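Consider the two complexes below, in which chain A is the common component and chain B and chain C are the respective partners.
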Partner chain A sequence: MTQRPTPPAPREITTKPRLSDRIFRGTVTGFGMASLVILTLIGLFLALRGFQTFKHEGFHFLTGVKWESVTSDAGKVTNNFGVGAMLVGTVLIATVALIVGVPLSVLCALYLTFYAPERIKKIMVSVVDLMAAFPSILYGLWGFFVLMPMVQYWAGLLFKYLRWIPVFNAPQPFFERSPFVAGMVLAIMIIPIVTSVSREIFAQTPLDRIQAAYALGATRWGMIKTVVFPFGSSGVVGGAMLGLGRAFGETVAVFTVLNIVFKVNLHILYGMGGNVASMIILKWGEAVGDETKALLAAGFILFVLTLLVNMAANTIVKRTLKSGK
Partner chain B sequence: MTTTTIAPVAPSKPWAPTPLEILPSILLLVGAAVASYVIVAITPMKGKLAYAFLFFVIGTTLIAGRNGLKRGRSALVDSLASSIAFTGAAMVFLPVASILWTTVSNGVKGLHWTLFTQTMFTASFSDPISKGGLLHALVGTLYLIFISIVVSVPMGVLTALYLTEIKGPGSGFIQFVVQAMSGVPSVVAGLFIFASLIVATPIKASAIAGALALSILMIPTVTRTAQEVLLLVPNDLREAGQALGATQWKTVATIVVPAARNGLITAVILGVARIAGETAPLLFTIGGSDNLNWNPFKNYQGALPVYVWKGLMLGTPESIQRAWTGILVLLVLVLILFVLARVFGGRRIKTK
Partner chain C sequence: MSPAEDMNNETPGEDMSIDSKVSSSALADVANARSAAREPGKAPMGSGLEARGIHAWFGKHHALENVSLDFASGTVTALIGPSGCGKSTFIRTLNRMHEFIPSAAMAGEVLLDGKDIYAKGTDVTKIRLQIGMVFQKPNPFPSMTIGENVLSGLKLAQLKVDNKEDLMQECLERAGLWNEVKDRLGAHAGGLSGGQQQRLCIARSLAVKPKVLLMDEPCSALDPGSTLRIEDTIGQLAQSMTIIIVTHNMQQAARVSDYTAFFLSDGGPGNMIEVGPTNEIFSRPRDQRTENYVSGRFG
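Here is the complex of A and B:
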């Protein structure tokens, strides 16, 4: 008689996660929270180091247009730091960038989604992705040596024929390193993000509505006007705001093509302007003591500004994408 | 018995325009080119801009006009819209072509072998380009990339796993935070490392400080790409793993991650491409040495973007030549990464 081997004892039936799973879930959750921790730390540290400046300057830090640290003969240091002019400049340049860049990006996204043959589409998508991977210092170098001479010529034309419009006027015909040039460089730099967000949104347009429009005899443009734009316009606004966030935070490229002067200048063609991010690297080299703290405070302002714009933009884009499903 | 051979049916597109139908449009475009040439010649408008502008206006008007005459007003508007959309796309294409062309044509003038064997320790940026090189910057950039990978890939991939596999409470919120983090300006990342590490801890300006600043920019890129890839892994695979009695850890480690391997490599490469050319954070964090430094934890370090930056800021013809050559080397690096990402991204999920 052969003895049958005794079967292994049945495993305990349980919903309790095993040790390996508990370790896994714990680790992954921990790392999942890491980005939240990093983001909080960034805000915390910049605010902490800039606290003295905020306390000293108060609200004037946001509105003041002077940036000076004067040491008198008696050795007394008088500080006067304000990013007002730089904030105005940042918004001005970003506005120029949006006015030029967003229409181009939307047209490009429309072409890629509804017009382009498959092969051209593939190439163009790669090109737009490549644009996003170009280093910003490359845009700066190219902007300075190639784009600026061209833009200066356009600025001359605008000044000549349209100077009766206040923004196109200038105290002197000096168009080098103006907010207009910086805005043009930024316009090219925000094209990839705005294009890819718009493309994603246009591609989510409900197919039944598109087909309904065609079935009713609409031309391609008629379909885009009556179906795609009503569906996607808020998403495109979100994409444009993501571009705005990029434009606010761009540093090196703007620094190369902008003449940073601590004065409020609303004449976009005139060669002086401001930008918070570029101002920080301009002043960083010779900054000591209090000025370093003031620059960190300026960094905090920039951080909060871009964070708010980005959060709003992401919320809008997400809502639009959801409504298509 | 006879065997019938069936000729393979060639796919036809009866709606595609025949050459005869395209011909009038081409003729109209040629006409527009001639007309814009004539107008530029006889009026005060001058320059390439005038050519391009006139060609666009006349060309679209002629083609739209022809369509309008043939098929009415809505066809006219439709044709106009197509031309404008095409022009928009072409205008996005132009700067890229111009950037690539100027970088290559300006950069190759300064290329020579000693560039990759010498540093700027004994040479000045205003010396002729044949003196000195960018070895120190290349080494620095490779260090920065390597440390950033070591720091941000585990963090990015594990965050992506949290968002796709665990889907714990608050994963929606974490998703939101990751997106917000991807918008952090690079200059802020540099300031943060300065304000937290360089001011307060023994870590001074060095490759490690620079790499930590770059990691802040790299983590969100890795997370978002990795998340997209993990979402593409079919749910059947996860269920199969669980049906076989595997724990979640086993399922993820032996099934989900291997299935998404190529995509995860793409995520890493895209992350590296994002940070390889960053300049602003490095200006606060690595010190910008002109000499070779093999120790990533101590002493100032150089990097390619900083090398370009120094050349550009000095502004002499020789230093600007250095900047162009440096940016060419950097661009080639980015292009290689980009092509690699495409190659791996092309075959994302093998199990299907």
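Here is the complex of A and C:
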């Protein structure tokens, strides 16, 4: 047997760009990287400034429920900072927001994708997108003046009939400015993002599967159940997580409608609670020295939390869109 | 089957080449063998379908013009013709799948057992249960197992059956797939080959017991082996239902069908040029254009 000649190594293909091209490329690359750089810098800034607090409080910073800085008569300062209660509040409010907001958004996306006439669909899509661009203080004000009285009434009903479920119980029937109200406001605020992601995913449902269902005598709802939901479910989960990211970070609206108290409160109807973002804004004005550092440390926690949730959400959404499963 | 009203009755031209004569008569032989193989005396079952004066539009584009065809119970009718002649559009008007395309419109009547399926107040889902459809590309539901796919139509239409296992086996047997999948009914349908997936789709259509089965180029995405198996299946099914099949493959039309209808578009809307018993269409078509097409001179 004759030996085959060894093939040559592949040549490296290069080109020498012109100076103008290199300058332009440099500029574009610089600006392109800017958002990454800024994000990293913000993270670093928060981590560095908060470092002292982390060192001092240790793991207790995450679990502690007190937020106090006491100066004794001798001038000795005792700090006790922990965001535990606020973290619990953040998750609680976001959960309420998801439970209320996601079904609404999915139904809205289904309507827009499979039922709405073309003209209404166009208008509705831009209205929903506009909702995302609305300043959150407006949601907060509306939530305070319009939504809260209604929600208080619903809370009263829930308390009356479902009190045996621990989350619907309350030490006293005091339902004003509760996590429930804040969750409702957030639910409305996450509708745009969850709707638009769900709509995008639903629209990608393979046509041949839709036709297969119809050809078997499916009603539209039957088709959606058999074809669209199995196809789009993971995308909806991704969209919900993007909503969760927004709900975690929302500051002003929650600050407006929530009665922020440093205590772990799992009774969603009861008028006290908190979330990390609104706590920072509440304390910021009067904070000095160590408390400022502690607030920045809390900011870092929020930063990491939001980043993780959003990254996970984006991965899920992209994978669904690509796999076409 | 009665010839359609708008049929052309031109006589074939005299300028046929030797070659085309040979090839088209070979097709005619295939078609003759097919009609001889049909068991005589067996009463045809299934249901008759009549299309009367069908027009179809996509927006302003007139895609199909005045097509009338009768499909007798228990027969196989092949629709042949070059691409873009409206055969797929026509078959999709027969079970109201045409209307899913935005801006699509139609005129005419489609009668199933004498009742217009486009009549006001008709429940379209009931129509599609009686007139099943198999598509060009195999489209099983990937999130379901093989068994669930077969029974998916029952679930969608909320039909109850006494014995699901028996029905599943019967449908898979009729589709010629039972022996290949009987040990893995719980596996996901995506793991099957293209030909198996298409037979699974046929089994799925059979489970709701349609009277008519429409097949829109069911073999065009498949290899010759799978194609042959599906043609076998069609032969079996034809004993119990009416089958209408769109195909680009004239050999296939000759092998499986009792009647053949030739569609053509002269740049305008598609027309049905000629319909007749398959062996006649391939041996002595009445229209010169049919002659040209079946002898392979264009298309």
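Please note the rule applied: the second predicted complex is superposed on the first by the 309 of 325 C-alpha atoms of A that agree within 3 Å, B and C clash if a C-alpha of one lies under 4 Å from a C-alpha of the other, contacts with A are read in each partner's own complex, and residues count from 1 in each chain.
The definition used in the following text is that a contact is a pair of C-beta atoms (placed from the backbone, for glycine too) under 8 Å apart; a residue touches a chain by one contact, two chains touch by 3 or more.
Here the structure is a predicted model, which is why all the values come from computation and not from measurement.
**Q** Overlaying on chain A: chain B and chain C, fit or clash?
**A** In the arrangement built by aligning on chain A, the partners chain C and chain B fit side by side.
**Q** Determine, under the contact definition given at the top, whether A:Val65 touches first (chain B), second (chain C), both, or neither.
**A** neither
**Q** Between chain B and chain C, whom does A:Val167 touch in the aligned arrangement: first, second, both, or neither?
**A** A:Val167 contacts neither chain B nor chain C.
**Q** Going by the contact rule set out at the top, does A:Asn314 touch chain B (first), chain C (second), both, or neither?
**A** In the superposition, A:Asn314 contacts chain B only.
**Q** Spot which of chain B and chain C makes contact with more residues of chain A, would you?
**A** Partner touching more chain A residues in the overlay: B.
**Q** Between chain B (first) and chain C (second), which, if any, makes contact with A:Thr195: first, second, both or neither?
**A** In the superposed model, A:Thr195 contacts chain B only, not chain C.
**Q** Scan A:Tyr153 for contacts with chain B and chain C and give back first, second, both or neither.
**A** first
**Q** Look at A:Thr219 in the shared chain and tell me whether it touches chain B only, chain C only, both, or neither; answer first, second, both or neither.
**A** Both: A:Thr219 reaches chain B and chain C.
**Q** So, does A:Gly140 touch the first partner chain B, the second partner chain C, both, or neither?
**A** Once the two structures are laid over each other on A, A:Gly140 reaches chain B alone.
**Q** Classify the contacts of A:Val227 with the two partner chains as first (chain B alone), second (chain C alone), both, or neither.
**A** It touches chain C, and chain B stays clear.
**Q** Once both complexes sit on top of each other, what is the least C-alpha distance from chain B to chain C, rounded to whole angstrom?
**A** 5
**Q** In the superposed arrangement, what residues of chain A touch both chain B and chain C?
**A** Of chain A, residues 219, 222 contact chain B in one complex and chain C in the other.
**Q** Would you pull the chain C residues touching chain A in the complex into a rising list?
**A** Of all residues in chain C, those touching chain A are 95, 97, 100, 102, 125-126, 128-129, 132-133, 135, 137, 139-143, 152-153, 155-158, 201, 204-205, 208.
**Q** What does chain A use to touch chain C in their complex?
**A** 118, 206, 208-209, 211-219, 222-223, 226-227, 230-231, 325
**Q** List the residues on chain B that touch chain A in their complex, please.
**A** 47, 49, 74-75, 77-78, 80-82, 84-89, 91-93, 95-96, 98-99, 102-103, 106, 154-155, 158-159, 161-163, 165-166, 168, 171, 173-174, 176-189, 191-192, 194-196, 199, 216, 219-220, 223, 247-250, 252, 270, 273-274, 276-280, 283-284, 305, 308-309, 312, 323-324, 327, 330-331, 334-335, 337-338, 342
**Q** Taking the complex as given, what residues does chain A use to touch chain B?
**A** Residue list for chain A touching chain B: 17-18, 20-21, 23-25, 27-29, 31-36, 38-39, 41-42, 45-46, 48-49, 103-108, 110-112, 114-116, 124, 126-131, 133-142, 144-147, 150, 153-154, 188, 191, 195, 219-222, 224, 242, 245-246, 248-252, 256, 277, 280-281, 284, 295-296, 299, 302-303, 306-307, 309-311, 314.
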